[in-house]
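Here's a structure for you.
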Amino acid sequence: MDYSEKVIQHFREPHNVGVLEEANAFGKVGSPACGDKTEMYLKIEDGIIKEAKFMTFGCAAAIASSSVATDLLKGMTIEEAKALKNEQVIKELGGLPEAKIHCSVMVEEAVRAALEDYEARQK
Amino acid sequence: MDYSEKVIQHFREPHNVGVLEEANAFGKVGSPACGDKTEMYLKIEDGIIKEAKFMTFGCAAAIASSSVATDLLKGMTIEEAKALKNEQVIKELGGLPEAKIHCSVMVEEAVRAALEDYEARQK
Amino acid sequence: MKEVYLDYAATAPIDLDVKQAVDEANEKYFGNASSLHTIGQRAKGQMEQARETIARYINAAEANEVYFTSGGTESDNWAIKGIALAQMEKGKHIITSAIEHHAVLHACEFMEKMGFEVTYLPVARDGSVRIADLKAAIREDTILITIMAANNEIGTIQPIKEIGEIARKRGILFHTDAVQALGSMPLDVQAMQIDLMSISAHKVYGPKGVGAMYIKKGTEIENLMHGGAHELRRRAGTNNVPGIVGFGKAVELLKQNEAVYVAHYTQMRDYLRDRIENELDEVILNGHQEKRLPNNLNVSFAYVEGEALLLSLDMEGICVSTGSACSSGSLKPSHVIEALGLDENYLHGTVRFTVGRQTTKEDIDYTVDRLKSVIARLRSMSPLYKDSKNS
Amino acid sequence: MKEVYLDYAATAPIDLDVKQAVDEANEKYFGNASSLHTIGQRAKGQMEQARETIARYINAAEANEVYFTSGGTESDNWAIKGIALAQMEKGKHIITSAIEHHAVLHACEFMEKMGFEVTYLPVARDGSVRIADLKAAIREDTILITIMAANNEIGTIQPIKEIGEIARKRGILFHTDAVQALGSMPLDVQAMQIDLMSISAHKVYGPKGVGAMYIKKGTEIENLMHGGAHELRRRAGTNNVPGIVGFGKAVELLKQNEAVYVAHYTQMRDYLRDRIENELDEVILNGHQEKRLPNNLNVSFAYVEGEALLLSLDMEGICVSTGSACSSGSLKPSHVIEALGLDENYLHGTVRFTVGRQTTKEDIDYTVDRLKSVIARLRSMSPLYKDSKNS
């Protein structure tokens, strides 16, 4: 695989792994049958993401994308987080092989699912 | 080429090469366009082949076949010479590759042509 | 860092004796084997010795039934396309299995585009083709059965002797892809009633870029490589004499030492298997557990993804493959794993370990130790694992 | 006995630097370039460097336009069959020449069996394809023009730049077999408007069993080798990395030293030519006398037969070829010689001398000395020679 140094680093020692017990936003995407699945846990206070964690079953790109995305999310406003695109994750990772773009998309979708969950809870 | 030792020997140092000035039987087969041509010269006395020579344009098999055939012919009666088949030449040569059988046939034909020439002259 | 190579089925390093034979050929037998002069004929002589060695090893009736190619892929393509085109007057139906190597499967798919029909036999959970399925698939217009001798991913050995018998009886040609089988199990083309067989040198510690095909005398086959009159006019291209000489040497080594090699493979593989079975939970051993290649262990680890596992092991210096070494780079489980009907939690966590002549017990111990922590780490971040523990 | 090899066009011995590169690759880069682990990726890295070297040398726009194959024959077969099958919606007409290598001609004949039409352009007495003939042969449904860069037997260089221009203008794909041209003349796929180009390592002192094809980006082509996802899914089969590395090294040497090599070839060839012309009578030099490969001398000797000549020289330790090195073993003059329209007395007495990097002036002197006595001996038993003297 033509993974960047950054991908390998994040895969080797991913940031923010785990279940965030005090999360008030939760999203999950994927399934075992598909070969990847991500759960995104966010703690949002005053419209700001205070804490972010993930659990991912998937390849190195999926794990590294989750790691980078959770790093990026911390400190973002909800609006900023909504605008988070997979391209930004890829850029942060120093690129992803063609065949692995979809992994970053999965993470983007997991973030969106978590934000929708948060908004649903607010109603 | 899978030539036998014997073929190589006769090709390297063919016996009976040349024009036999005193020949009373002459046969030729083949043409430059075909890629091989043999001339057979025999001197026949009292129904016996006393002398035999050849000139051949052709591959190693053609030259070796001519050499062996002229060796065989010497001392033969006309009847024996008529019965000379290419198989005998091949046997004497220790075999010929499939693709080269026709060279021995050419020599057989040249002998026959020479004997026909002889008979024509007797009339 | 320590390096442990457990991917011998992908390719094996060249044996030192083989390398020496190749070197010698490069020096002394560099001629074109089609040249009529001495330097060409010397090269040809060496090539014919290699052909003889290989022919004897597989018990061909004649050396001239062995044709040199550029590898297993070419042999497979040639067998399938060449037989299909030469025999299409008789029929346009081919039978193969769902777990063949891509060289066979994609050649078959190409022939489908060319108007042929192909039946892909399913396999049992252990990867075996069922004889009943094969018999049921045979039609009046079946011209070729192509079933591999042993599978490259899961190691399962197919009942090729029975298949050969059925094919011969029904007047159908039988091709077997024996690329992985060579050197690991007996191959006897006459006893097994094989009409065509593909083999490849680099899987048996020979040089890369050389293979061969056994074609039973009298079999009509169209060429794949058209051109010069090499290989009895059946396979054009200047002969790779040094490579062929190396292949011959590699097979000579098999002839001399195969039992020793196989015993070593088996011992290493069984030790690895036992340690994994005893020290890791939620694992499945794929493939047939007795009728299998001695050097192959294929394991599915629940809740983790194969590529992540492969890379994690690679970071520890351990080289293995996931899915098929040849189709890696895609996220889907390989067609072989898919055909086995595994539980979804195991489907994507498959690793193939293949041991070899250089494998040591220390290598295995190191591998299992690292494997345990790698699996633990990946499971610790896997939502599937978490859910399984919570439920 | 002294041995003089003058058959470098049949195959060249591997260069020592190339051999060293191959050896190193066998040791350090033995992995399967498709494997995801470090050992595989290391092999891949080396392979990609070789691809880059070759791509630059032929001035490809991108390294990925170079695909590795098993040799010139495979490349030629792939180009012709692959383009024909992929482009048949557009038309089923192919143009080639009467003096192509058999790998091209027989692949074309195969496509005729598959329902395509092929025009075989005649050549001038010097072996050149005439541009007017080419233009006249182009039809609405012409999909491919395949004309070799330089002929392997008589050395004539074809006007491929002009052909490329015509083809591009008419929207027809242009393939050139540059197997003999590589290393002996400039090849620039962009300037020459080439869409596909075949090359082979063993003709440039590289390893046997490796070749390549340049395929211009965006060209639709069907695979010849179906199987694994190697070579951007276009050419299946475990990559012969050591061979590929050797090919890369061989081309690197060309890049560095081509002018020196060519000057040496030219000097040796011209010396041989001059001595033969001055010291032997009734000889004809075949091929174009200026537009020709620097290492090739093709001579017809009247009244003698080529194979006898070849064997006689061989007995003196001199290795040459007659007709085509690839089709020897048949009695007919090669299709190339036949296409030239030689006088019948010369037709069968053709010898190809090809000099190489190891050729010395002493080799040439020895060769001419022996040649003279061999010719004299064969003529002394030739009835054709006798008749010519008598008339």
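Letters are used for the chains, namely A, B, C and D, taken in the order the chains are written, and counting of residues starts over at 1 for each.
Please note the rule applied: a contact is a pair of C-beta atoms (placed from the backbone, for glycine too) under 8 Å apart; a residue touches a chain by one contact, two chains touch by 3 or more.
Owing to the predicted nature of the structure, the values given are computational and were not obtained by experimental measurement.
Chain geometry summary: the mean Cα position of chain C and that of chain D are 34 Å apart.
In terms of their C-alpha centroids, the spacing between chain A and chain C amounts to 40 Å.
Centre-to-centre, using mean CA coordinates, chain A is 92 Å away from chain B.
Residue positions of chain A with contacts to 2 or more other chains are 1. In chain D, the residues that reach two or more other chains under the touch definition are 36, 307, 311, 329-330. Taken as a contact graph, with one node per protein chain and an edge wherever two chains touch, the assembly forms an open path, each chain linked only to its neighbours along a line.
Under the contact rule defined at the top, the touching pairs of chains are A-C, B-D, C-D. Taken together, the chain C residues at the contact with chain A in this complex read 303-305, 307-308, 311, 315, 329-333, 344-345, 347-348, 380-386. Against chain D, in their complex, chain C makes its touches with residues 3, 5, 7, 10-14, 19, 23, 26-27, 30-32, 34-40, 70-74, 76-77, 101-104, 106-107, 109-110, 200, 202, 207-210, 222-230, 236-243, 307, 310-311, 313-314, 317-322, 324-330.
The residues of chain B lying in touch with chain D in their complex are 1, 3, 8, 11-12, 14, 17-19, 28, 31-33, 35-39, 54-60, 62-63, 99, 102.
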